[in-house]
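Below is one structure; the comments refer to it alone.
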Amino acid sequence: MEMWIKEMQIEGAAMTYKVNETLLRKKTEFQDLAIVDTPSFGRMLVLDGIVQTTIKDEFIYHEMITHIPLFTHPNPKKVLVVGGGDGGAIREILKHPSVEKAVLCEIDGDVIEACKKYLPEISCALDDKRCEVFVGDGIKYVKDHKNEFDVIIVDSTDPFNMAEGLFGGNFYRDIFDALTEEGIFIAQTETPYFLPDTVNKVFNDAKKIFPVTKMFMAGIPTYPGGYWSFTVGSKKHDPSKVDTSKIKIQDMKYYTPELHNACFVLPQYVKDVIGEK
Amino acid sequence: MEMWIKEMQIEGAAMTYKVNETLLRKKTEFQDLAIVDTPSFGRMLVLDGIVQTTIKDEFIYHEMITHIPLFTHPNPKKVLVVGGGDGGAIREILKHPSVEKAVLCEIDGDVIEACKKYLPEISCALDDKRCEVFVGDGIKYVKDHKNEFDVIIVDSTDPFNMAEGLFGGNFYRDIFDALTEEGIFIAQTETPYFLPDTVNKVFNDAKKIFPVTKMFMAGIPTYPGGYWSFTVGSKKHDPSKVDTSKIKIQDMKYYTPELHNACFVLPQYVKDVIGEK
Amino acid sequence: MEMWIKEMQIEGAAMTYKVNETLLRKKTEFQDLAIVDTPSFGRMLVLDGIVQTTIKDEFIYHEMITHIPLFTHPNPKKVLVVGGGDGGAIREILKHPSVEKAVLCEIDGDVIEACKKYLPEISCALDDKRCEVFVGDGIKYVKDHKNEFDVIIVDSTDPFNMAEGLFGGNFYRDIFDALTEEGIFIAQTETPYFLPDTVNKVFNDAKKIFPVTKMFMAGIPTYPGGYWSFTVGSKKHDPSKVDTSKIKIQDMKYYTPELHNACFVLPQYVKDVIGEK
Amino acid sequence: MEMWIKEMQIEGAAMTYKVNETLLRKKTEFQDLAIVDTPSFGRMLVLDGIVQTTIKDEFIYHEMITHIPLFTHPNPKKVLVVGGGDGGAIREILKHPSVEKAVLCEIDGDVIEACKKYLPEISCALDDKRCEVFVGDGIKYVKDHKNEFDVIIVDSTDPFNMAEGLFGGNFYRDIFDALTEEGIFIAQTETPYFLPDTVNKVFNDAKKIFPVTKMFMAGIPTYPGGYWSFTVGSKKHDPSKVDTSKIKIQDMKYYTPELHNACFVLPQYVKDVIGEK
């Protein structure tokens, strides 16, 4: 029996994956949660029908959303991840010896439990003593914490429905306030190819608030278009002009010090999308 | 009536596209040729079931496979494209004022005719007086021309069946001989994510022959994995260390002078695939 | 390149067909019209995404919707087909030597033209001198003709959108009036398995008007559920109790005299659907 | 997340079903076993990718494969089912008060366990004290029992791979010997529309051995073509000429006494397939 799932990427184009086994399927308080095992990408976390992360290609997303801001900040001690219930960002954050505390604020506790059970390769660091897991609303959490985090990572689902409030001006203002003096914010900001309007808005919302706002790209096979944007908002340090000569990496499969600055060099159409010259 | 085509990317993962209309379907002497119109990517050229180029995202591939070698060479006058019957590479090559002659050597004349008729946005320069179209075997053509071309571009289908001879040592040796003293070779070299063994072999075959061999990546939505590799073999000039200060571009939507060198900075896993440090 | 069409049969179940070639695709004044060639059923007429008839299995539908009423009527001379633009019913009707005139009243002239060109095996009798083709509204046509036809065949698309008026009480009243004294009406009346409410309503609407109303079934591979109902309304003769001893058939592949009465013996669930004992 | 399974019915035509949940998936000693829950047909038993039985339409197959032979035999006391691990045939057999013993001989014990757990509506009678379940090879079982069963029902998967030995002359000879004097054999014998050669061979193999051999049809939505054949081989009684006046039925949704003889009246093409006049 062949079983397939399909993820619509844009009107008239979809990715479809064969599924060996459905390990978990649950309607949580917030979303349709599934863990499936696939021949192409291994186990996958699928939320509301959208592939979030897979055993085989998760390293790309998780390395880039963490090491870019953490190697930009001179001495990151306290880091907040909003969303990211799979734990992949936490795992990468804790590779930085300077980090004393990494808080995960995920609204859906079922996602955390599912990933702990079925995706241990990704969630393995959630039990680290430097990690604090908080199940609750990220928007409120950020509002309630001022001048506290050196890095804030918004590792959310797409900017529709539930996650809509995690994209845009008001939330970014609160993030700014929750960051320390040299603080750095990063968010996954979708595909400039398929969603130019969304990417334009999100980038420029951030730009209105942060002194330095930059976008970089990474090639992620399971995300629509295969080429994904991330936006960095920084109070002081330019993430695209980091002195990478002293960066020491361990166990990384995508991020390299050379790539740190190079990934910010954008194709012309992406510059056009966000209105950069 | 909804009509869809499906392209298997790897065992258990496929892209599927809704088709508005099949403009042409023909068994040519060499392959199953189709031009379909889709809501997601506009008109598409599909050969043996594999999407080759689309109206909406062709600019990425065609700009990167041409401008990287042509802006690396100090004064490209004569350029050869092996394959590339859609004419997109020719269109980009002829944006370079130094070019006096661009030869297209495509084995399947039906591809050229189909693209002239149905994809004029891509094939428009095939009638330029500086362009010479030769319908025939690229392997033989290259073998028969010595010390003649400043740039040779291998714009082929995947390295299976018909196109297999366009990937690998013997052909690259003949390309080396067909190039002039400062000559540069480039080929599309597939997806390092899905086909690491193929990419490794092709890159290292080129590396054995060319003094300088470098790989770069570009994000292409309709190619498997969305993140595609190109290999440049050069007799003299390093394509990743070009002085881009004097590059003048026109009408480009992906290539930028800043990206010229930056795109050669590879993710760690791609370096691992090709055995680079 | 593999191209497939999909016909949703019921929520969560669909038939999907590989398409070799799209011979015609047109938005007519009334519907989305397509003629496709398939490996499984040969050429197909597809209207608004629903398979209407195919070269390979059309004989079942066309034989049963015509020969049951025509062999029930003692001497059918004038026959009306409402819908049926493919011409298959006309072809079968004209196998009856008693028939002097067969009128086709089809609202969509493009369907007739398409079938004449691409489905000659089905449409071949539309040029017969005993056949009169009228392009126009069947509801109005029936209303305008009184006491004229010995048999009226409603060979329509599904009872949604455009064809809705062809199912139900008011139309059946007009059909009754358009029939001669021993007149017989037949309509394709959908799948009792998937659409029990529709089938119940249509059958009982007919039953209120005709002295004798009976349902029979036929196995049709390309129709949802594979087992299709037809309703016969008759002024005098019981179509399920025909003396078949003198029936002479020619070139029939589904209908047999023995099957004529037997096909009216319904499974229990179909009897339940229409409220028969 | 939408998950679908697809069953290829013939080259280029497939049924596809949305799956709510996979209740069980197991590689047994003999086959790929799955129980899935679907919105269209409820829970389904799927073996090697082929839908075997569903909660919603199983009544058709199970009633017709049992009541036709059991109401043909004047006094069936001992009945054997070869295959039929879902228990549906047993459930129907035990509606006949004359039956003293019903033996189920199923080769794959995992099928029985799965259906007991997940399809209790179908398997409910397997625990009846008149039912004896034997897990083992049906071919050997039949060979080892002579002159013992009044009715033998072959309720198998398709005649490929594992089940091939359950279709054809040698097995039918042993069945003949295992039957009592007035014994009756029945088998599901596939789709005459899609598999004419198979149906012809199986029917005529039976015909060489049994004095009376007849085929009947039933409309089954989840089987390819929707219109399925069954072959009855009988030592004495003609199953198509049963005096049905005294038949008392209970809880039946497809079988009726009137349908008993009528279902043997075949469409012309089916008669042609099996070489009957």
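A, B, C and D are the chain letters, set down in written order, and residue numbers restart from 1 in every chain.
In the analysis below, a contact is a pair of C-beta atoms (placed from the backbone, for glycine too) under 8 Å apart; a residue touches a chain by one contact, two chains touch by 3 or more.
According to UniProt, the chain labels map to these proteins: A, B, C, D = Polyamine aminopropyltransferase.
Predicted, not measured: the structure shown is a model, and the values here were computed from it.
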Show me the overlap between the contact partners of chain C and those of chain D. none
Distance from chain C to chain A - Cα centre to Cα centre, in angstrom: 58
Each of the following residues of chain C touches two or more other chains, namely 6
By the touch definition up top, name every chain pair that qualifies. A-B, A-D, B-C, C-D
Which residues of chain C touch chain D once you look at their complex with the stated criterion? 6, 9-18, 38-41, 57, 59-60, 193-194, 217-221, 223-227, 252-256, 258-259, 262-263, 265-269, 271-272
Once bound in the complex, which stretches of chain B touch chain C? 1-6, 19, 21-22, 25, 32, 34, 36, 46, 48-49
